[in-house]
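Both complexes below contain chain A, partnered by chain B and then by chain C.
Let's turn to the complex of A and B:
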């Protein structure tokens, strides 16, 4: 349909791609640069991208003052648990919503979407009271529970879309071949749903990893604090911040997310291919 | 292939379930406090500067070592989210025993009964250390619901070399310039590529209302139980003078208008601005971030009819729900003794409210790095009408800040500014 691009066209394509990558990557590069700058280089009239006197002092400060290592571990535990549980709960529910259509199902989906519109501030006090009542306030389990509930509506919407894209005929063909319903689900639906499950897991991991407000309000014990809460402590009155340690901490905070994303993205691609072959 | 995937899923499920169980077990802090054993106090601190953090943690550790029967747990909060955090904690009945915040913000919590009355729990010695005007900022309906301990004042930080080059002499700590002198000197310091002053006015309301007290500008007037905003000549004086510096004499940089305090530092260090009106705590950034060889000096607050400014001290309060109010007050007496208060103020580069602490701090620092100026400025800090007006935060956000921004951007006249501020007051004040 499209002809082979000319040499000039190809060069322009690469230039555009490079420009886009620079645009996307610049904040990360600037974060990297700031994280290694000593205080006197942070407020220059003509700032440089490469620090003149790079230092790791910002990292030392970030870790010694706020115990970011422990906070990162807390965040990792909470985010992984949230991602796995969200997928486990959303998978059967989304299948049911997609395959057994009814007015109730449609209404349920509408309600699920509507529930996303409630602002955090409106919900936080009742949630706090309920969690306290059941002994889950100030626990990671309580936080995971909230994150799963919070991520579920979107996860359901996303996954039920993936389920609908799997042709019913495949399931019917497997049934005709003698597969039981469980076998159909295990051998046909689940492999084709893998990319959706990976995308859902990614979504819930990242939303839990970045979440600040619930973690701030629900967790009281310093040892249980998550990374976004620990990072916020480098910001002072009226927006003033300790830029060096904040940049160092933020840089480290992006790493697990990037690694998890890179790992899962590979799964996402392989899952897509597997689905294509099956289809 | 498929069975392998299922084994992985099963393994992931098992890990999640076991993990969640483990998290529940390790995350549960125990909830209910033991009925015997030491009293346990949770102290939510908002210290965030490196030195200040260290001083806070050291003092708590020292207290804990010396008082096995009253143990304090240091919990760090942050200024940006502390209000929501506290509101939820108070509503949920799980607030920290000791709360660090600021006078203008604790009024709301005091009125809702969340904070204990410390009047009978604080010693006369501590009460006598702090001026009544400063106590008033943390007193609501006759109840002291916070101990004011650190003060912020507005001073002027100047580039010493540029002052010398322009022949502008540095005034003594107790003899600041008048506004006329300040404006005249800003003019002398203005030349191509260099402005005399950078007024960082991204959030102008607090600064304008603070400085308005120089000319007795109150903005908020209460008659017969009803509060209203009035903008007369006294209230107009400071906005007008700043506006004149930007647009008439052009001695103040127009580009600084959209900046917050710290944003002006690169230009200041680069010689683009000669003077920075700002908080006394800005000195810390001078020490940490000024280039080698950069000479800076702290000038005293500028004077109108007086050098008065609004005092909005940082405070330490005790929760009304705390089971250990007496012990909390005991800890606060220790935490805020003159030596400790001086150390806390030094760590945050702020002015201690206690007279003895202030003297100790000047002695300790030999008055260098502007500590003499900071100490003297404490005498001019007082409670301002806007700090006690219900609805001030809403008026500030919805009406005053946008109106002042428009005025300083030269989009409305001084009279239009006055009208907008008064009309805004009618909308939100009761």
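Let's turn to the complex of A and C:
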């Protein structure tokens, strides 16, 4: 973009790039390395970057002997439920938002921006109280509800964009051909909306999977804890020997989001999702 | 001017739009919106309002009696609370530090990634990976990197023969805050980079070429072509980054839980302790209120200055 730089310019650019790669990459390499180290190497005072005797026992240990296995299952349940519910609830609303103009819709979309401003502390205490009143404090159902509500504004925002991209003419043509409203929605809108629904589901799955604060406060029973909370508790009791399973568990906890990002790569680079995925 | 009732079904703004058989009654619209708006109302808008109200009460955990309205009492207490001022100062240092550093680094990286360089693909993937990690995992990862015995950083200093620089990064009074700020930068940089890169790709090539033909130096073209074109993106992303950082919790909770000696006690961590360790709901909510007001005020100042510069 700056035309052809000089030779020194090029060298400087590559040096800078190398600096960035080290800064971004090395912590990740260290996590990988720790995850594959046997216990003996974890307690060594001067650790090596590449394990002498790499092993997968940390991964096995993290998800069989430790509470992390159960926590991963909890997270999976909660995140799947959040994803499905978010899509089911957001679908009709986003259709209405895209196709009809209404003050209510504008207000809902405005809430997306506004809700970014408020610190969770302001919401968490009343939410905690509301859930306790209806008997949903310390339950996965309560957590799912929170996650759906939390994912909804952005899901609506994203999904109504997908609806707008479906040409209105297609719907009108079908209705002229005598299709009922429900038929039009099922045969025309729904299939064309599929990629948007997948994206919405993935988004709400990931935000539930990564979420920490609400899960920490709302779930008190250790057996019900989600993966981020269990991992954080694991840190608290870390002896050097536990670093291995901790690193392994962390890697596995990252997998779903990595897959999601790989999926959404193109949309991400357009910046449209940029505001959404923030812990 | 015809009255609304006489207005045909066709809307003025969209001439291509033909009469739509589905453009129907309000009831349908509300029925479609209800499943979304009801939960948002019950679990987001209402709690928010109640949270604001709680900040003016003496609500406490484990007390079933009606909370009583205490007006500004919480705020007077906050003003005199050294721990609050400490957390506020640290929160500001953290939010400004992370936002500025991550912006500068991200801008540099975005400019590099916008060039025809080898390893650009690797860098683009790496630039996204930290973003894909759950904040708790980022915290754990850096705990491993900072680990006093088995950590990457101390081992690096050992390898280059600088054992004197080895320290307990997260446990030492003087290094704890810079150490967590670095993690914040690492975690937030990818997103900022991606946004800036998207912005850069929107900067017209022709403008650059025209400027180059006119003999403008690289720096001049950056200063007078790229930066102004990028300004709206920069304002948007730095504002958002600042809000996110000011309100962040999980990362530092995992890294230090606010320690050592409150050196990394962000406002959110302080409020969390007040609410869920000591049960002072009203007090914590008051702190939340203060934070919202501060954020809005700071943003207003920042945005107004930016907008004035833009005009």
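A few comments on the model shown:
To be clear about the criterion, the second predicted complex is superposed on the first by the 186 of 279 C-alpha atoms of A that agree within 3 Å, B and C clash if a C-alpha of one lies under 4 Å from a C-alpha of the other, contacts with A are read in each partner's own complex, and residues count from 1 in each chain.
Everything below uses one rule, namely that contacts are C-beta pairs under 8 Å (C-beta built on N, C-alpha and C of every residue); 3 or more make two chains touch, one makes a residue touch a chain.
Computed from a prediction, not measured in an experiment: that's the story for all the values here.
By the touch criterion stated above, A:213 is placed in contact with chain B and with chain C alike. Shared-chain residue A:182: touches no atom of chain B or chain C. Once chain A of one complex is fitted onto chain A of the other, the partner contacts of A:257 are limited to chain C, with no touch recorded for chain B. In the superposition on chain A, contact of A:50 is made with neither chain B nor chain C.
More residues of chain A are touched by C (comparison of chain B with chain C). Once the two complexes are overlaid on the shared chain, A:232 sits against chain B and chain C alike.
By the touch criterion defined above, A:61 lies against chain B but remains apart from chain C after alignment on the C-alpha atoms of chain A. Of the two partner chains placed around the shared chain by superposition, chain C is the only one that A:123 touches, whereas chain B remains out of contact.
Residues 42-47, 88, 121, 124-125, 129, 212-213, 216-217, 232, 235, 238, 240 of chain A lie in contact with chain B in one complex and with chain C in the other.
Residues 2, 5-6, 9, 12-13, 15-16, 19-20, 23-24, 26-29, 31, 42, 48-50, 53, 73-81, 84-85, 88-89, 91-94, 96, 203, 260-262, 265-267, 269-270, 272, 285, 288-292 of chain B touch chain A in their complex. Taken in their complex, chain A has these residues touching chain B: 39-40, 42-47, 61, 65-66, 77-78, 80-81, 84-85, 88, 121, 124-125, 128-129, 132, 135-142, 144, 186-187, 190-191, 194, 212-213, 216-217, 220-222, 224, 232-240, 242. Chain A makes touch with chain C in their complex at residues 1-3, 5, 9, 13-14, 16-17, 20-21, 23-28, 30-31, 34, 42-47, 88-90, 92-93, 95-97, 99-100, 102, 104-105, 108, 111, 115-127, 129-130, 145-146, 148-150, 152-153, 156, 168, 171-172, 175, 181, 184, 209-210, 212-213, 216-217, 227-229, 231-232, 235, 238, 240, 243, 246-247, 250, 253-254, 257-258, 260-261, 265, 268-271, 274-275, 277-279.
Listing the residues of chain C that touch chain A in their complex gives 17-18, 20-23, 26, 28-33, 35-37, 39-40, 42-48, 50-52, 54-55, 59, 105, 108-109, 111-112, 114-115, 117-119, 122-123, 126-137, 139-145, 147, 149-150, 152, 155, 158, 186, 189-191, 194-195, 197-200, 203, 205, 208-209, 212, 218, 221-222, 226, 237, 240, 243-244, 246-251, 253-254, 267-268, 271-272, 275-276, 281, 284-285, 287-289, 291-292, 295-296.
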